[in-house]
Amino acid sequence: MQHVLSANQFTKEDCERLFTIATRIKTSPWAYSHELTGRIMGSLFFEPSLRTRCSFEVAMNRLGGKVFSEGNATYSTSTAKGESFKDTLKTISQYVDVVVVRHPQEEIVAESANMSDVPVINGGDGMNEHPTQALLDLYTIKDAFENTEGLTVLFTGDLLCSRTIRSLLKLLKPYGTKNILARAMPPDLAYFENWSWIEEGQIEELLPTVDVVYMTRHQRERSLAREESRFVMTAKLAEKMKPTSVIMHPLPRTEELLEEVDNNHRAIYFQQAKNGMWVRMALLYSLLKERDWQ
Amino acid sequence: MQHVLSANQFTKEDCERLFTIATRIKTSPWAYSHELTGRIMGSLFFEPSLRTRCSFEVAMNRLGGKVFSEGNATYSTSTAKGESFKDTLKTISQYVDVVVVRHPQEEIVAESANMSDVPVINGGDGMNEHPTQALLDLYTIKDAFENTEGLTVLFTGDLLCSRTIRSLLKLLKPYGTKNILARAMPPDLAYFENWSWIEEGQIEELLPTVDVVYMTRHQRERSLAREESRFVMTAKLAEKMKPTSVIMHPLPRTEELLEEVDNNHRAIYFQQAKNGMWVRMALLYSLLKERDWQ
Amino acid sequence: MQHVLSANQFTKEDCERLFTIATRIKTSPWAYSHELTGRIMGSLFFEPSLRTRCSFEVAMNRLGGKVFSEGNATYSTSTAKGESFKDTLKTISQYVDVVVVRHPQEEIVAESANMSDVPVINGGDGMNEHPTQALLDLYTIKDAFENTEGLTVLFTGDLLCSRTIRSLLKLLKPYGTKNILARAMPPDLAYFENWSWIEEGQIEELLPTVDVVYMTRHQRERSLAREESRFVMTAKLAEKMKPTSVIMHPLPRTEELLEEVDNNHRAIYFQQAKNGMWVRMALLYSLLKERDWQ
């Protein structure tokens, strides 16, 4: 059995293998519509989610599987009666064939996965990791550029709290991109060697030179006191970018990315969201197709 | 692509075509149980609902389709993180083949539908419209009477806030019914030419002459200050009606319709609720059957 | 039609018939994976639940059926608009083929079941009954011991509020077990003749002689003022029990059962939870397989 807990698990070879399947599914989804017949996915979200939960559940359904869905697990499960997360996970793993979990607490998914009798997928744990988001982001970048070697990726927004960026930086390492984080990161948060940083005020002058702007939202629901990002992407700024460049965002967005940018051809964040479905289909297919029903 | 946003969209011919399908499905549901295999409906409710949500989701399932369901969208989606409704709708439309939405804000579904890449069905938007309820109401009236021409339909209850009546009056127009609204409507709310109104105190004397009493609930969850309806249907009052007449109610009911009326043969509100399933199956079938999977 | 409302309904013969089916399904689940194709279960939970709701929904899915799921019915249905439970049940029964209900109010499921046009299964009503939990408990005991005649079953925890024990004691009657309740039960709560009671302080000395310890949780969400249970099962205490004995718990647990006990071979509470799926599959199969689609 194999849990999906961290972007660290995925070598470049793993990613490439997964993306090949994702592209095949995207090209002919009907060919895969009975692959997981009889399998059931538990979807256990202790925090609100639209994209992750919906795309995972639809992915399972489009592969012929079924879903037990709980979008408000804090209230509707036995957590309300004082049950530990480990017991909840151990229990649900008695019934289903794979579990997707989102939880506000860092590391809790990884720490509890060994309690589960079936594969566990981390759907986001606090500010820590969101490995499947990183996978779909990388897939989207690779889909937009023939060659990733030497691409400049500029990260903006609330970097400190973003599990998305944390996971994506790990995956990008073997792909030869030049990663720039816009604004001060506390020096103790050194994830990797493969990034540099600039002040937010320098973004505008850098825009004409970058290939990917990866924006993130100010995470109102996380409670760290800190200096806030003030950069706002406008249609006018987008036009300053290279014609071949792209603007990405894991969504949801708030005020940092204006709706007027949506019609710019560089805006690929809704395709990015849709890619989440293909990549998650590929992941579920990989995890479950070769397993026997217990 | 065709969204279902308002009762205004439906000509008499559209209704008749839809009702023919609904009756066919009602007669032999098994014959339609694989028609939407592989299709997925998103069910996004920003307000509580039992009948509309359950009958839509069961309708999709009974046609062989599947459902992504969110009955508490205000909490469980990214709305909690500040995402706009337009972005939510655009996103979910990346994953599913049709979206049903209920939202407390008037017009928001119609205003945002163009953001969606798949058909959007308005499952009720504030006090504005509830087109599929109107369709099932009309279907129920036509099912109960051979000929609608000249039928007297008496509307009672909280008319001002009822999206149900608002939508139904639009649909009834070409069917030649005489529509009477019981109690004062503000003069600026003139939906259509085809209704008159009486004081609530006059209901009792009118009862022996009407064919349909269409009751509505006092909508506690809407916040307009206004004079309240006080009419209560009792078993005794029901007996004063013509033997061929019927009592309808979109449900839920509160104090305006006593449980003692349920056993009267004129009470058809639970059949009316059930008809919702057949009409919604017909609607989903019509919207999706001829579409190619994207 | 047959509702499942109370453990009282089940004779020893009924239990044996059901368990035979459960064991057959457990042995070859794939053989039953299309038995309920086209059938839909309504899952209506007015109280939090993980095991009962998930195992029922997965059971229906593993039999080929589908589910309309509402895990937070108090908020998301028309209860929020003042609808009575009877109307809610009557309405949902128009759409689905079987309904599972959990409700905080005692007797309400049994009192309202006659409103339903399809079978209703009591998934727990306040402190009253939880018949399917009792069935899976009995199944688990019978699975662990060749012969139940003369087995000593010790019940510990918050017995006064436990619908689980209430229902299980009823079922155990014809099975010849010796049932001991640990701590004072108010004398007016005499369910049956087939139990005796001891003080909680006597548990430890009794442990080496019992075959089954059936533990229950302190039910924080029930509001009766009463003396609290203080017995805690530890790894050390578990070792004092007979090698052939078992420790059961309906879960969720809180402080009364330490995690260190999980690795003791006597701990079978997670298998007990899993048995819930097989028993509920057998129950749904029995209720629906011979019914024609309405």
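Order of writing sets the labels: A, B and C. Residues in every chain begin at 1.
Methods note: contacts are C-beta pairs under 8 Å (C-beta built on N, C-alpha and C of every residue); 3 or more make two chains touch, one makes a residue touch a chain.
In this text the structure is predicted, and so the values were computed from the model without any measurement.
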(request) List the interface residue numbers of subunit A and of subunit B, divide the shared ones by all numbers used, and answer same when the ratio is over half, different when under half. (result) different
(request) Rotation angle, subunit B onto subunit C: superpose the C-alpha atoms of these two copies and give the value as a multiple of 5 degrees. (result) 120
(request) For subunit A and subunit B, let me know how many angstrom lie between their CA-based centres, rounded off. (result) 39
(message) Quick check: what residues of subunit C touch more than one other chain, meaning two or more?
(response) 69, 72
(request) Name, in rising order, each residue of subunit A that touches subunit B in their complex. (result) 29-30, 33, 45, 48-51, 53-55, 57-58, 61-62, 69, 71-72, 217, 219-221, 251-254, 259, 270, 273-274, 277
(request) Would you mind writing out the residues of subunit A in touch with subunit C in their complex? (result) 38, 40, 42, 66, 68-70, 72, 75-84, 86-88, 90-92, 94-96, 293
